[in-house]
Amino acid sequence: MTKSILLAGFGGQGILFCGKFLAYKALIEGKEVSWLPSYGPEMRGGTCNCSVIMSDRQIGSPIITNPDILVAMNLPSLDKFENDVIPGGQIYVDSTLIERKVQRDDVEVFYIPATKMASDNGMRTLANMIITGNIIKHCGDIPHENIDAAMAKVVSAKHQDLLDVNISAVELGYNY
Amino acid sequence: MAEKVLMKGNEALAEAAIMAGCRHYFGYPITPQTEVAAYMSKKMPKIGGTFLQAESEIAAINMVLGVASTGKRVMTSSSSPGISLKSEGLSYLAGCDLPALVVNVQRGGPGLGGIQPSQSDYFHATRGAGHGDFHMIVLAPSNVQEMVDLTFKGFDLADKYRMTSMILADGTMGQTMEPVSLEMGEVKTYDKPWATTGTKMERPHNIVNSLFLKPEILEEENFKRYERYKKIEETEALYDEYMMDDAEICVVAFGIAARVSHNAIDEARKAGIKVGMIRPITLWPFPKAALKAASEKVKAFISVELSMGQMVEDIDLAIRCAKPVLLCNRVGGMIPTVKNVYDSIMQANEIGGDR
Amino acid sequence: MAVVFDKPHALTDAPFHYCPGCTHGIVHRLVAEAIDELGIEGRTIGIAPVGCSVMAYDYFNCDMIEAAHGRAPAVATGVKRSDPENIVFTYQGDGDLASIGTCETVHAAARNENITIIFINNAIYGMTGGQMAPTSLPGQITQTSPYGRDVEKVGYPLKICELLSNVDGASYVERVAVNNVKNVKAAKKAILHAFRNQVEGKGFSLIEVLSTCPTNWGLTPDKALKWLEDNMIPYYPLGVYKDRYSGEEK
């Protein structure tokens, strides 16, 4: 099993964070992983993306040209990466922020109103984790396990009070 | 075995340096290696070490020279344009036979270039790091674990041979996060009777110097240095082989280019092409013997690089131009895609079998 | 038999290579005497970069480092940070300190690096054969200002002590001269003070020493001393420019 996941959105949406969560979760599950952010001026306010690969074998390039899974958390990201997803792959769309539909018919698409859900549930900044929960539900290769342990690794020491709400957000997305 | 942790290449490298006993870091801000300096600025004060943001790259490398003169482990890190500025200091470090670790997280050039990954400082690192006859040991990590392992090794080789080790990384290796083990083993220490730590009125004064106005003596200094280099070339070349047993085509790549090539080789193997890879881990000394041996078996080589064919020269020299060497490259911050490399493998496969 | 005059222990027996009448010898001696008097030779590291004094490593008995042109304050920073208990001095000329190494000098001062800098200002590049220095006087004829230093075209000399006295980090900055006995005595006091400051952890000290270069000035040694007095001292007034711990600022 090798899964490549491209997460993309605006800076500030927690794109890198949920990439780290997925990477750590896979590491705990004994997988090889790589996590590569876009960097440079892009980091400052513009679009932001990060590539996560998890595999049973040694990972070749950490760069993803054609992801198995695309997470689009804003329109520019969907416009930019929609056509790169491999046929048969999956696209997760934050349908609160992206009004249009995915145009391809050879991929599986999940529309999650993650930003609205987050806001409705008093977890305004956690749309990223809601989508992550939904990936866990539909992906097939990412077990619904080790969420607490992985979260503990990626939530920094000074933000431990946010641990539970992050886990709740993942569960909310999983149960959507 | 120690638990593996996820770390960014730049931070893993910095932590490895600390574990190798480096307590002095000097640098100047430049993208894309800032995490190294940031990590050091956080850690060094807590362990009684020095983090100093120098007024310039030139000052930073000379501060490195100062600490190196006292026999302690010391490093600086920068990216391509900053490394150009450090060139003067690199030459002086060589002329004074001082050990140091210098990290170059390369970006596209020349000039101010860009900030995306590159390998276009290959010539600078392996041939022309400054004026005069000298070499640096050049280590090219291809994953985050190697950012750790080669940093550790770099310090050791620097001390062992009294010279500069350079970690020649690229933006991708610096930014990628992968699981690493930080279990490093013991730090080997070396006697440094030449260090300028004060005579204590117990010995003649030590002099750290690269000035030799008598040509006979300067010649002798160079000859002696190259005796050491010869030994390094014979004993310290490192490389990794992938699927070379039955290979008819040999990809040569390091750093991120090797990672991409790895995928392309897997694809080509699926298509029945007998292709493998020799991945130099030391760029100086270049693993000449491995390539020479491969040249007896394969029909062609492909140099996959993020530069304009700089490594082709080393491959040609290593194999004495015995076989064709194709170039598969992207530059300016672009990275060869798996398809780029795959296409080159297919092209190499067309070459007639003059085996 | 009583010894009435002796060579400082901190100087080696190697004969100086300096030209007749050059004042480097005097300043070397003053530095060595300061090292002797403070009893710090065994823990002193000297740094001499490119310039006439580049071979100072042959003349001082303490550990020595030869540095790249202008970089001595950076090298000294490394040495001092590595072994803070050691005493670190640099010995730099005017081209070195006030031209190619201005950046390193000013920033070492800004950091209040606990080092001692001996700055030889003889208004000319000696080692390379008499080119215009950053401190060459307006109108001064040199190999590369054959019609005299034209300040309209090449700018004005840098007054290092005045400059550094405005750097908050600098602890002690004084300008002295070695053109007569009285001034040599004052120079000795200043150099000793600069080393003692470091021993006491008082930070960055720089002593600018107005010196002669008879060879490249094209003057006999005695006329060179006179030229220094008549031309350099009026342009570069002697005195303490900053001394954080005594308050007597000029």
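Points to keep in mind about this one:
Lettered A, B and C in written order, each chain numbered from 1.
Everything that follows uses one rule, which is that a contact is a pair of C-beta atoms (placed from the backbone, for glycine too) under 8 Å apart; a residue touches a chain by one contact, two chains touch by 3 or more.
Being a predicted model, the structure only gives us computed values, none of them experimental.
The greater number of contacting C-beta pairs, out of the two interfaces A-B and B-C, is seen for B-C. Of all chains present, the one whose mean CA position sits nearest the global mean of protein CA atoms is B. Rounded to whole angstrom units, the spacing between the C-alpha centres of subunit A and subunit C is 63.
Centres computed as Cα averages put subunit A at a distance of 34 Å from subunit B. We define each chain's centre as the mean of its Cα atoms; on that basis subunit B and subunit C are separated by 40 Å. Those residues of subunit B in touch with two or more other chains do not exist in this structure. By the touch rule above, subunit A contacts subunit B in their complex via residues 20, 23-24, 27, 32-37, 39-41, 58-63, 65, 153. Across the complex, subunit B meets subunit A through its residues 4, 6, 31-32, 115-116, 171-172, 175-179, 256, 259-260, 262-263, 266, 335, 337-339. For subunit C in complex with subunit B, the touching residues are 12, 41-45, 47, 54-55, 57, 60-68, 71, 74-83, 86, 103-104, 106-107.
Contact residues of subunit B toward subunit C in the complex are 24, 26, 50, 52, 54-56, 58-60, 62-70, 72, 74, 88-89, 92, 96, 196-202, 205-211.
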